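Okay, got some structures for you below.
Look at the two complexes coming up: chain A is in both, with chain B in one and chain C in the other.
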Partner chain A sequence: MKTTLKAMFLAGTVLAIPGVVLADTVVCEPGNDGPATGAPIRVGGIFGNAAPGDFSSATRAASAYFACVNASGGIHGRPVEYGVENDQWNPELAAQAAAKLVEDQGVVALVGNASFVEMSVNASYYARNGVMVMASGCAVSECFESSNIVSTNQGPLASSVGAAMYAVEDLGATNIACIGLAIPSVGNWSCGAVESYMEAQGLRASSVLMNPGAPDVNSSLLEAIASGADSILVNLPAGLGIAFLGAAEQQALRDVYTWTSSTPLYDVSVPGALGSYWDGALYVNAELTPLDGEGEHARHWRAVMDDYGRTDDPRDTFSQAGYLSARFFTQLLSTMDPAEIDDRAAVTAAIQGIVGYESDLICGPYYVGVADRHMPNRAGTMVRVSDGGFEVVRECYEYEGPYFEPLIEAERALGLH
Partner chain B sequence: MRILVSAGAYALAMAGIILGLSWGQPSNVVGMFLVSGLAVGSLYALGGIGLVVLYRATGVLNFANGAIGALGVMVAWQLVQWGWPGPLTWVLGIGLTTALSLGYGRLIGPGLAWRDPVVKAVATLGFALVVLGMTAFAWEDDVRRFALPTDNVAITILGLRVTVTRLVVVAAVIGIVVVIWAYLGRTRTGLQMRALANDRDLSALIGVPIVRVETVAWGISGVIAGFTGLMFGNLVRLEPTIITFMIIPSIAAAICGRLDNLALVLVGGLSMGVIESMLTLSPELRAVRPIAPFVIAALVLVWIQMGHRSVIGRDQQ
Partner chain C sequence: MSTTLSGRIGVALALMAIVFLPMLIGGQWMRIFTSTACFTLAAAAAAFMYARLNMVSLAQVALMGVGGWVMLRLNHGTALPFEINLLLTGVLTAAISVLLALPALRMRGLYLALITLMIAGGLEVIFSTYRFPNGGTGFWGVMPSAAAPFRRPVLAESDGAYLRYVIAVVLIGFLLIDLHRRTRPGRAWAMIRRSEAAALASGVNVTAFKAWAFALSGLLAGLAGGLLAGALGLLDPATFRASESVLLFALSVVGGAQYWFGAVIAAALYRVLPALFNNAGIDPNLTLVIFGAALLHAITTAPDGIAGQIMGVFRGLTAWLRPKGRR
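So, the complex of A and B:
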C-alpha cells in the first residue's frame, strides 16, 4: 500500500508540474506526450520483508519503473496502479495477499514478486485463477516449476550451477562441496543440481546443508572439509555466507580450496564485510549483468532508481530483476490491443506468448511460453572480489547440466536455442 | 561420594556418545569436531551463566538478555563505522546493555516482584520483543561483520585453529563462574543475594535491602549480557534476530545447571556444544542437530525430577 501511494504521489507530482519534472527526469517507454491519465491498469506485487531478510528491493524497483512509465505517458495513455503487499514470510499472509490482489483488486497480473514463501503457497492459486506472475526474486523450486510464474532472476539452482561450472572450467575443481540451506525445495534442490552437473561431468560433489538459524557454522565447514572436496561453493544468504567465510578465514583455508558462491554474495556491501582476506580469492556468480554495467538498460535502471526510487532503495540484483520484469510487462502491454489490457485472460495469454525479449541486464533472451516450468534466465556472469569491490572475470556464459535439458528443449521449440 | 558417582556417570556417558558418533572417523577429524563443539558450547554456557546469575538473586528468568546484547553489539558496530576507537565502542555497548538491564530491573521488575516466576519470565519476553523491534527499526537488514583484534591471532588445538576471541570466551566463562562464586560466598551483597534466592519474604522481614541487592544483580546481568552480545556478534554473526534467539539454547544450558549451579551450567553448555558438533559426523543423526540442546535439557530435567527437585518455581517451594 505504501508503495502504491508512493507511485501515485510521484505520478501526481509529475501531473502538477509536468514541464519541470519531465525536463529533468528520465523517460520510460512507451513514452507518450505528457503524464498518464484515465482509468488505471491494476497490477500487483508481493514481497517478503521481516526477520531474517528483506526481499523488497524488486518491488521497489518495479514501483519506481511504473512511476516513471506513468510520468512518461503511461501505457496507451493510462497509468499503472501498482499495489504491493508484504507477506512477512508468513504463509497465511502470503495467501491473503494473493487473494486481496487477484480477487479484491482484480489485478491483471503480478509483477516483481520476491519471496521465499509466497510462491510456494500461491503457485497453484495463480494457476487456478489464470493469472501470471512476472516475478523477480524466486528462491524456491515451486517458483520455477510452476505454470504461471516466470522470473527474471535465476534463483539458487541456476546460480549455483553457474558457479560450479566456473569452478570446474576455470579453477580446475574436481570435487565440490555445496553449502546450502536446510530448507526444503531450496538447499537440497539447488545443491542437488550441482551434484547432478558434476556427475554428468564425471566429477564429484556433495551437499552440506545448514540450518538457517544455526549458531555453529564451523561444523558445516568441517563437514565440507571431511567430504574430501577441493572446491567449496557457498550457496547461502549473504549474512550466513559471511559467517561461513569468516569461519574459513579463521581456519586459514583461503588457499587450500577454490571458493565460489551463488548470487547472494554479489552485493556491494559484501567485500567490505569480508575484509581484505578474500581479495582475489572469492568468485561470485551474478544472475544478471554487473551492477555497474554500461548497457542501455543498466544505465536506465540506475537513472530510474535515482529519479523515481528512494535514496535508500537497494541497487542490487533483485532491484535489477524488478526493474526488468516491470519493463518487460510494460513492453508487452504497450503492444497489446488497448481494449484487452484490462482482461486478465488476454494479459495472461499475451505473457505466455512472450518470446525473445532482450535486455543488456540479462545474458540471454527472455521468454515465457505455456509450460509447467520456467527459467528463462540461465546464463550469467562471474565476478571476483577485488579491492573492496568486484571485477568481471567471465562474461555471459550459458549454464549446462541435466536440470536444464527440458528447458533447452522448450527453447528449441520456440526457436531460441 | 554421590557427586563423584554422578561425575563418573556423566564422563562415561559423554565418552560413549563421542565414541559412538565418531566411530570409524580419523582421529584428527574427531579432534577438530570436538574442539569446534567446545567453542560453540562455551557460547551456550556464557549465555546460560548470564541467566542464572540474575535468576538466583531475583527469581527472574530474563528472556531479554539476547535482545539486549544484540542491541549493545549493534551500537558498538555502528560507532566503529563512525570511526570511534574499538575499545570505547565495546565499553559503550556494554554500558548501554547495563543501563537497559538496570532500567528494567528498577522500573518494571519491582512491580512484578511478587508475581509467579512464569509471569516474570513472560514480561521479559515482552521486553525482548520491544528491544528487538527497536533494533530492527534502527538497522535494516544488511550484511555486516563485527570484528575484534583478537580474531587475527589463533592457536591450533587438535588440528583446529582456535582464535584468541574464542579463547577469551572460554576464559571469560570460567572467570565469571569463579568470580560470581567468590562474590556470592565472600561478600555481604553476595550473602544477601543468596538470602533473597532462598526466601524473598523472610529476607525482607530481616532487613535485607531487596531493591539495592536486586539492582546489583540486574547490573551484573546487564554487563554479562553486553559482553555476551559482543561475543555472539563476532563469533555467531551480526544479525540481531539470531543473537536474540541465542537465548533459547542458553536457557537449555541454564536448565542443565538447574538454574542454580554455575559450574553445571558450564558443563551443560560445553556438553551440548560437543554433542551438537559430533552429530554432524553421523549421516543419520545430522538432521537433528538443531534440537540437540533441547533434547539434552529435557533429559536433564527428567533426571532432576527423578530426584524430586523442581527447577522453575524453586522460590515457591
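So, the complex of A and C:
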C-alpha cells in the first residue's frame, strides 16, 4: 500500500511539474530556451511613492517585464538585475538614489523612472555621468528638456495641448481656461504651452494655477469663470481633478462649458468617482493607446502583468509606459554586441541611436537621438467618459503647437516625420 | 584660552572626517553625509539657542530654506564665486532672522516657540507658492524649465571634495558658537537664561543680546541652507516644511542641546537613520515612531539627551580609572 501511495505521489509530482512550468506561458523577447543564467546586467529605476501620490506603477511594470525576460532566457542568455529605489518625493533622497544606482551599483542605464522630483534633481547628474534614463512617468519640464532622459509617456504639456486641440477642433472652443498646479515646471509650463497653442490658432487661453500646498478648487473655478472662457481644461492630478469637477457639478456648470482633461483622469476608477453627471460631457486625453486595446503589445502587457506582476499592481497608463520602456530597452540590448552590454558608454550611445521603434501602445515611432530635449511620444488618443467607463472619440492624432516645432525638426532629420 | 577634552576630540574627529570619510564611502553615502553635515549646522544653531538662552526656535529648517533661496538667487543672478555667495547668504539670513525675531523678543517660553512656528509656517507658504530660483529672470528667478547649472566651489566640485568642504564649514560654525559661549555674549546669555530682570539690573542689554542670538542662529541656518543648495543644485519646498523645523528641534533635544555632539547625533538621527532604514527595505517613515519614543525618553529620564548620557558614562569611566587617592 505504501509503495502504491509513493508511486502515486511521484506520478502526481511529475505530472504537476509541467503544469507549473506551463502556468507561465508568456514569453518575452528575445526568448531563448530556459531561464537566464550568468552574470546579471545591472539596470536601475527610481520612482516616487509618498503623499501626495504613488508613481510606482511604471517601475512595477518594468520589473514584471524584466522578470519575464529573465524567465524567457534573458538578454544574450544573461538575466537583468533591476534595482528600484523610491525617492519619496524628496529631492535629497532622489539624489541619493541616483548616486546609489549609478556610482555604487554601476547600472548601465535607468529604465521606467517615474517621479515629479527625481528628474528635476538628477537631470544634470545623469548627463555628467553619461548614463541614459529611459523613463516612463515624466511629469516635469526637466524630464523632457534634458539630454539624458527620454520618456515613453507624454507628460502634462503634450497631453494638455492634445486636449486643447480636441477642444478647438471637435468641440469648437475659442477660449480655454487651463487649470493647473502653480509649480513652474508642471502647471505653468504645460498651461503656458496651451496658451501658446491657442495664440498660434488666433484664439485665447488663460492659466488658472492653484497653490499645490493649499489647493482651493472653488476659487480656481471662479477664476476660470471670470476669465471668460468657453472651455475648461482640467490639468490636475486625478484626486484634485475629481474635486474640481465636483465643485463644477455643484454649480451645475456641465452644460455651460465644454470640458477636457489631460491624462491623469484617464484611470478606470475615475468615471465611478465622478458619477453619472459627467457621462458624455468630459473628454480626456490618453497619452498611450487605450488600456483595453487589442494590439499585440497591449495584450502582451496585460499578460505580463498577470503572470509576472502582482495582482495589486495598477494597470494604468504609467504601467503601459513602464512596460514599453523595459521592452524597448530589452530590444536594444538584444541587438548589441554581447561584449558591450556592461559598458555604460556603449549602452548610452546605443540608446541615443534608437530610431523608429514601434509599438501599438503608442501612436508614433519611438526615438532618442543626441539632443537637448526628448519627447518622442506626442500623439495620443481622445476618450470620453461614458457609462461608467471610457469610449474612444478620436483615434491617434499628432499634437501641434509652437513647443513641438524643434522636435518636428529633429524628427525630420532622423527621417521620421 | 583653555579647551575641553570633548572639544579637542571634536576638532580631531572633524579633521579626520575631512581627510578620510570621502575615501571610505560610496556615492550614496557621500550625499547622505553631506546632507547630514548641513543639518548638523542647523541643529547646532537650534541647540545653542535652547541651551544658552532657553529659547525655543521652531523655525530653524525654514531659515535654512531662506538661506537656500538666497544662495540659489545669488548663484543664478550673479557671477560671484561660491564663497562670496555663501558669506552673503549667511549675513542676509542672519538679518532676516533678526527682522523676523524682533516682534518675538518680548516673548518667552511657549509663546516664543509658537511665534517661531508661525514664522516657519509663513515661510512654508512662500516657498511653496514662489518656489526656489532655478535660473529664471525677475525677483523670484523661477523659470518653467530645466534648472540652470549651479557653481560649486572651485576646490570642491566633486561630491567627495564638497563633503570635505561642508564638514570644514560646519567645524567653523561650531567654533563660532564656542567663541560666543566663551566671550561677552555667552556671559550675557547665561545671565538672561537665569533671569532677564537680573540681567537687566546688571546692565545687560537683553534685547540686543537676544537679537544677537537670533542673528547667529540665522547665520548658521543660512550657511546650512546655502551648503544644501550647493549639494543638490536646486531645492524643493518640501524640504523646508514647518513640521521639519519642529522635528529638527525635537531631535536636538533628543541628541542633547548642551553638548556639541548632540547636534551631530540629532542630524544623524534626522538623515542617516532614515537612509539606513531605506537601504534595509524598511519604510523610513517608521523612524518618526522611534523619534517620538526617543523624545519621550529624553524628556522624562534624560534631559541632556543622548549626548548627556554619553558624557555621564564617560565621566563615570574617568572617575573609575582615576587612582583612588585622587578621587
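By our rule, the second predicted complex is superposed on the first by the 392 of 417 C-alpha atoms of A that agree within 3 Å, B and C clash if a C-alpha of one lies under 4 Å from a C-alpha of the other, contacts with A are read in each partner's own complex, and residues count from 1 in each chain.
Basically, contacts are C-beta pairs under 8 Å (C-beta built on N, C-alpha and C of every residue); 3 or more make two chains touch, one makes a residue touch a chain.
Note that this is a predicted model, so its numbers are computed, not measured.
Overlay on chain A: chain B and chain C fit together in the combined arrangement. Contacts of A:214 after superposition: both chain B and chain C are touched.
Using the contact criterion defined above for the overlaid structures, shared-chain residue A:402 touches neither chain B nor chain C, since it reaches no partner.
Contacts of A:88 after superposition: chain C is touched, whereas chain B is not reached. Within the superposed three-chain model, A:182 lies in touch with chain B and with chain C [touch as defined at top].
When the shared chain is aligned, no partner comes close enough to touch A:130: not chain B, not chain C. Legend: residue contacts after superposition of the two complexes on their common chain; A:280 is shown touching neither chain B nor chain C. By the touch criterion defined above, A:228 lies against neither chain B nor chain C after alignment on the C-alpha atoms of chain A.
In the superposed model, A:172 lies in contact with neither chain B nor chain C.
Aligning both complexes on chain A leaves chain B and chain C separated at their closest CA atoms by 5 Å.
Comparing the two complexes, residues 182, 211, 213-214 of chain A contact chain B in one case and chain C in the other.
Against chain B, in their complex, chain A makes its touches with residues 51-54, 182, 211, 213-220, 222-223, 225-226, 238-240, 242-243, 246, 250-252, 267, 269-270, 273-275, 312.
On the chain A side of its complex with chain C, the touching residues are 86, 88-93, 95-97, 99-100, 102-104, 117, 120-121, 123-124, 141-142, 145-146, 182-185, 188-189, 192, 211-214.
If you check the complex, the residues on chain B that touch chain A are 25, 29, 32-33, 36-37, 39-40, 43, 136, 140-145, 147, 151, 154, 160-161, 163, 232, 236-242, 245-246, 249, 273, 276-277, 280-281, 287, 289-290.
On chain C, the positions that touch chain A within their shared complex are 26-28, 30-32, 35, 124-125, 128-129, 131, 134, 136, 142-147, 149, 159, 231-239, 271, 275, 278, 284.
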